[in-house]
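Chain IDs A, B, C and D follow the sequence of writing; residue 1 opens each chain.
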Amino acid sequence: MQTKDINENIAWAKINEDVLRSMENPRMGYWVALACCIAMISVAVVAEIYQYQVGMGPSNLNWPHMWDLYIATFVFWIGMSHSGTLLSAILHIIQADWRKPIYRFAEAMTTFSLMTAGLFPIIHLGRVWNMYWVLPYVSDRGIWPNFRSPLVWDAFAITTYLTSSALFLFIGMIPDLAICRDNARGWRQKLYTVLSMGWQGDDRQWRHFRKIYLLMACFLIPLAVSVHSIVSADFAMSIMPGWHVTTFPPYFVAGALYSGCAAIITLFILLRYFFRFDEYMTIPIMEKTCKLTFAIAMVWTYLNIIEFAATWYGHDMVAKELLINKFIGPHAPFFWAMLFLGSVLPFTLAFEKLRRHLPTMFVVSLFLNLGMWLERWMIVTPTLSYSYQPFAWDVMWPSMVQWSIVFGSFGWFGMLFLIFVKVFPSVSMYEVKEMVFHRRHYHSDEVANKLHRRASDDQSGAEPTREGA
Amino acid sequence: MSLKNILENWSHYRQTIEDGGHYEYEHMWGMAIDLNKCTGCNACSVACYAENNLPTVGKDRMRKGQGMHWLRMERYWDEPEMGGEEKEYQERGGSFLPMMCQQCNAATCEPVCPVAATYHTPDGLNAQVYNRCIGSRYCSNNCPYRLRYFNFYSYYEESWPEPLNMQLNPDLSVRDKGVMEKCTFCIQRIRTGKDKASREDRTVQDGDIVTACAQTCPTEAIVFGDLLDQKSQVTKLWKAQQVELGKTKQDKANTELRGYRVLEGLNTDPCVMYMDRVREA
Amino acid sequence: MSGSDINRRDFLKFMGLGGVGAATLSGCDMPTTVTLEEGKEKVVAYLAPEEYAIPGIGVTFASTCQQCPSGCGVHGRVREGRVLKLEGNPEAMNGKGLCQMGQASLQGHYNPDRITQPMARKGGSLVPVSWEDAWELMREKASGTAQGRSAWFTGTVSGHQSVLLAALNKAWGSKDHYVYEAINNAVGESVNEAVLGDAAPAYRLDKAKAILSFGADFLGTWMSPVHFSREYAAKFRGGDRGVLIQVEPKMTLTGANADLWVAARPGTEGVVALGIANVLLSKNQVDGKRLPQAALDVISQYSVNKVTEITGVAGDTLVRIAEYLKERSPSLVLSGDSAHGHVNGYQNAMAAMMLNVLLGNVGKTIEASNSVVFGELKAKRGNSKAMLDFASAADAGKYDVVFFMGANPVYTAPTHLAMAEKIAKVPFKVALSMFVDETTMSADLVLPVQSPYEEWGTSVAPYQPKEAAISMSQPLMKPLSAETKSLGDILLSMLKYHGVKGYEGYEDYYAYLRSELDNMPASVKAGKDGDAFWSSAVQKGFIKAPTKPGSLNINLGDVKQGGYQAGGDYPMHLVPASNQTMYDGRNANLPWLQEAPDQITKIFWDSWVELHPKTAAKLGVKEGDFVRVESDQGAIEAQVYIYKGVHVDAVAVPMGRGHEGYGRYAKGNGVNPLKILSPAVDKKSGELATHATRVRISKTGRSEELPRLGGSEVQVGRRLVSTVSADVFRRTEGA
Amino acid sequence: MKRYYVMGLFSNFEEAFSTISEIRQHAIPGVTVDDVTLKSPIEHPEIEEVLGDRGSPVPKFTLFGAIFGMVFGFLFLAAAQANFLVQPQGGKAVIPLPSNIVLTYEMLILFGVISTVIGFFINARLMTKRHPLYSEKVSLDQVGVMLELDEKNVDSLKELFKKHKVLEIREEVSQ
């Protein structure tokens, strides 16, 4: 029974070994997974090519449903990206050191889900080949993007966020890349030599490193918040009932952190299982993540209630009508599913027994994410189905083209992530060392006992030595 | 130098619609539609198909909601008023509402377009630049009237088999897939009318320019004209109905007048005024 | 271009392609010459064009719309030698307005399924032949025809075409010219003839203050819709707003605009009229002196309760109608298809006319039509009796040769007439047609005629009581196919071939027409000499001739009404509804009209079955379900549309769809209700009783989304169209 | 006279630090703590005290980047809008502050981040060759204390290292 966030006595050499091992000789399962992802992608590519050739028609989009799954999934992936920032930046600033073993893959998740999200606005364009018109490139025709449009805000925000989080991921990885460099052979060595940028761990480098890490953390937190509130502006800035909602920015951010954390739990369990990271991704850390998720889930629930209540309380007849339609209309099954998965299911996280039981958590986290995806769909579509002009009311279900592209996006994310875990250390070695080091120096056994030990535990915690390793 | 430009004209560039916007309008094309006269015969819609190269998309796509009816004749049945008993028959007939782009002055579709493909012309028209459109379809989502239609396919490929294509109006383009489009108040006719006037160096007179729908309407329920021209028939009608631009709620001296603008409470400031349907009882 | 080396058709084709090519491209990325925000003018080199092709500039020419018998004057916009758009001719009776059929008639002209060259039946199927062969065939099969063994079967014809046609018939010693219109007012005409002595008097909607219409869809398909719409809007709906009451089993466009829409049990319209008369006489103290005693006696039998019992119209409704008619005089009572199309159609019409007499409308809102100088040019109005007569005559083997033109009896005839088989008994059938419709398919020789916008011609509107206008048709562009001939030319050459006196001089129909106009009486030419007269006629698009005021006499016939008999196995009434999109089926090949949602139900591209909610509930069907409508003559299946605009006992199915031929757009979509009509005729006039068929409905179990435009059918509380009362209107905008 | 690089590898961090602090107290004449370079596998905020505050100019870069991003961002947008009047207005001003503020904010962060990174690369002397005395142990679990000093002091330094249980000593002639 794991009781400590991490075992202070773990040998540093072992940390290196374990992590580096995880990066080598992929097993059969890995290749299978990769193959699946690529298969999903290729299906999506076929669908996209078809759509490109014929037009948006086959996707079942229609008047008035000009948007549907593409945008919903776009919002979903953007949301997914926020967890990484949460763990790496926020927890870094409040110095919650239990983040150290697990923030690396969360950070990677951020970058990759952004790379996935970025595809959707492009895919959903009627004339993809002109997508670059959204950027303010120098044009002799003197035409510019319309800076009033939330879509342009998206373009700016996502570029900024992608750049920053990618840099953040990379900077944070440099010392580890140095480790890889020192242990790798062949092409990997060349690669890491370049990437580690001559890191040699002298005090100067560490000093500046600490600064930049802090500074970037400070940047990323407001950035993450701004990004998702801008995404929410796509809807909140419109005048459509059910979109024009004041609580959307916080609602979206909460939802984002929520789905992000759920995704972290999923990947946490997968990595722990496949890479035998039991030593680092420990149950207590898992528990902490779960608690965090639960808290956010409650925030999300609260914001939901607020939205409903406000709509109900207000005099906007049309918005009220739409709300009722969500409750009992054709979308009701999905709507209620979303509420159940998003607000009821998370209560499983409140029970220690369940929290510590990984298979349960795995399933739960998947369902939480499904709920979050439904949330996005239920935001986008019902408003289009029932808005101001009753004559334009309609109900539309997405076609296989849309579905396959949506599924493909999961394949794409999976592929990126799978490649990542084999090329880069998915656990931050140097930071685990720091964690161990500091714990060893600042946590006496008494404290440790107070903190972690329970009556049930065996008392055979070896006396921590003062030796390095 | 642009910086200088900004500093000098700052206040000018900060003017919103309430302050009259940043340029003087040459015209403000508008309509007045009398639902007392409109019989819902749908001639306007077909005339629009004929004038504006609208494709016929066929049964399935039409049913899917992928049709291109710029001007749609909406028909509503009376609903039993609150508490009122269900009548056995629609004793008062139907309510017809011809809906074409309302050419809003505070158009909700404009600010959301990422590439500025839809904007306001000095004619007070809400123009859609097909060549600039990248098909994000945000404008249609943000149009409370749902009056923007999207080319979900390359309709022209099937819509005009030889020799039907010879009927196409060369004054405007045939749209390709991936482009948003909508009623333009027959901008090609406006253009021709203005050119003609300028050739005869005179100003455009009321009646020089008439849209296809207004022209074909057997009951002359649709009146088109320039709202800035004080002598134009449409202006007279707006005045008579005490309906003014730039208001979210018309404060009328005579509250019994029929004039109103659809959903004007949303402050879209549409340029199309409707006049209520009339029934004996 | 000189014109000699490249012929006109290629030139036009080229222009056409050019137009589309440019247009199509401009939808893509390259900068276009005409962008939406600023239509940049493109400089076009002025290549001396033939006739009216001036690049870049649209010129309008007057002509006449032939899409329905109303014969509205049109202005066609012509650019680069292509006619692009039709507008109403402001000076014509229809004014600047045009209905959707008129707008869409262009697609008939440009239709991809038009016949481009003669076809003859060889080995069971029609194969293209040259005109020489076609004439050869005529020579051997037709020219030798014995006296009176030939006939013409046409739609409404008028003007010089009908003159030539008469001459030709005369030459062949045949008086048999069947003029058939599926949608007609024949019963009404016979009643008018009997009572007023004037088959087509002037209905002055503009003078009426109240209109009571028994199924006369004067805004949709009745006689001259555009003209009536104009009068309706200009005066009737003007300052002192009139009241419109519509009594019919299925809501027509007119019904949808009525102040009071009343669903009477089909076939009992006459009883309703008597009931109203009864109320007027008893309650409203209207003086009955205008009516003969016999009529008064009959009326007195129809107390409100009895009428309610027979017709299902509530008593207070009858009272309300009477009120309106009383206080808002002069009124006008009309009757149309759904009142006429019964075995007692004549009585229904007579009862309606009785109300006019009782209310003293005759002379006020019903005025005498004017007699005109050119009787022979007047329109021959179509009716359905003609089809019945023709069927029996053909069945009796009365003819060796029959010419079909502008009518499609094989499609519109009920199954029980077995029209195709009967026509097959005629040895040689010639179809003069633009399209391969059902009738044309059964012909032995098909002569391709030109579209109304390619040929010269004159026509006289069947309904133009107050004026006498001969409206001109002139080519708006060169024929799309050189192999087509104008009807006039075909008739003329036949006349010449048979050496009929007085026609040998003209080398073509155009020459004939010119000389005919030259020979018009001075009163018509109004002092203009030949060329001036001609050009003014062509420019204006019509010739206004002086008229002599006619007069009306009143002798009301028997207004006795038969009782209402229940249906037995077939409880429901079938209402084959005429509408402005498909009309009688002739518009089914025009994609614009196929895609244009029906005015009432908003359904496109397909047929439907209209049911009242109660009926639907009883049957257990919901919108979109397929139901089987079965009469003793057969059955049709279509999707259900449910609303409160159809009588509880009625099933309305629109006419015009369900073609077996007639081109890619018409073929095989929808069903044809006329096929299952029972063999019933109006006893008096002998007209086909189109609304007399009884049917039963059953579920099929199949269901599918209804092809209907629009979501919610109510406004759910938004102010999109709100309704104000007429009093307020009169108060604020009253004259 | 020759100058040497001498590096001692310690596994016990305490010892390493005390070595440095002794140097700080001039255990070896002519060798100051400023000559010391500490190489370690993890970051040690606590060493700062021992080595003395050596500061970091990175935040200045950040500040500059952020301010530049903000100013440039807003002017860029405003200029574009002012010079391209044919813009959809929807009744809004030509230069609408709310939307421009949003974008300006993003620009601020973007430029801030980028210049921070640049500042880091410059100051941390990244993208330079590794030091000849660099030992892979450092990336594993040992700290290296490295000094650059005159030949005469080398031995005394080694003494000092040995006193503090050094595991390994490497030396190399500089230039």
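Criterion: contacts are C-beta pairs under 8 Å (C-beta built on N, C-alpha and C of every residue); 3 or more make two chains touch, one makes a residue touch a chain.
Since this is a predicted model, take the numbers as computed values, not measurements.
Traced through touching neighbours, the fewest hops from chain A to chain B number 1.
Put simply, the chain closest to the centre of the protein, by Cα centroids, is B. Across the two candidate interfaces, B-C and A-D, the one carrying more C-beta contacts is B-C. Note: centroid distance chain C to chain D, computed from Cα atoms, is 90 Å.
For the pair chain B and chain C, the distance between mean C-alpha positions equals 32 Å. Mean C-alpha positions place chain A and chain D at a centre distance of 30 Å. Our note on geometry: chain B versus chain D, Cα centroid distance of 63 Å, whole angstroms.
Multi-chain contact residues of chain D (touching two or more other chains): 81, 83-84, 86-88, 90, 92.
Listed for chain A are residues 130, 143-144, 146, 148, 152, 388-392, 394, each touching two or more other chains. Each of residues 29, 37, 710, 714-716, 718, 720 in chain C touches at least two other chains.
Across the assembly, chains come into contact as A-B, A-C, A-D, B-C, B-D.
On chain D, the positions that touch chain A within their shared complex are 10-14, 37-45, 47-48, 51, 54, 56, 58-59, 62, 76-77, 80-81, 83-84, 87-88, 90, 92, 96, 99-100, 102-103, 105-107, 109-110, 112-114, 116-117, 119-121, 123-131, 134, 136, 138-142, 146. Residues 75, 78-79, 81-95 of chain D are the ones touching chain B in the complex.
Chain B contributes residues 35-37, 39-43, 45-47, 49-51, 53, 56-59, 62-63, 67, 69, 72-79, 87-97, 119, 121, 127-131, 156, 159-176, 179, 184, 187-188, 191-192, 195, 212, 215-221, 240, 254, 256-258, 260, 262-263, 274, 276-281 to its touches with chain C in the complex. The part of chain B that touches chain A in the complex is made up of residues 61, 64-67, 72, 74, 76, 97, 99, 108, 111-116, 132-138, 140-142, 144-146, 149-154, 177-180, 263, 266.
Those residues of chain C that touch chain B in the complex are listed here as 12-13, 15-17, 19-20, 22-24, 26-32, 34-39, 41, 58, 79-80, 82-88, 94-100, 102-104, 106-107, 110-112, 219-220, 225-226, 229-230, 232-234, 237, 241, 243, 246, 251, 253-263, 324, 480, 580-581, 591-597, 599-600, 602, 604-606, 614, 643-645, 648, 664, 669, 705, 707-710, 713-716, 718-726, 728-729, 731-733.
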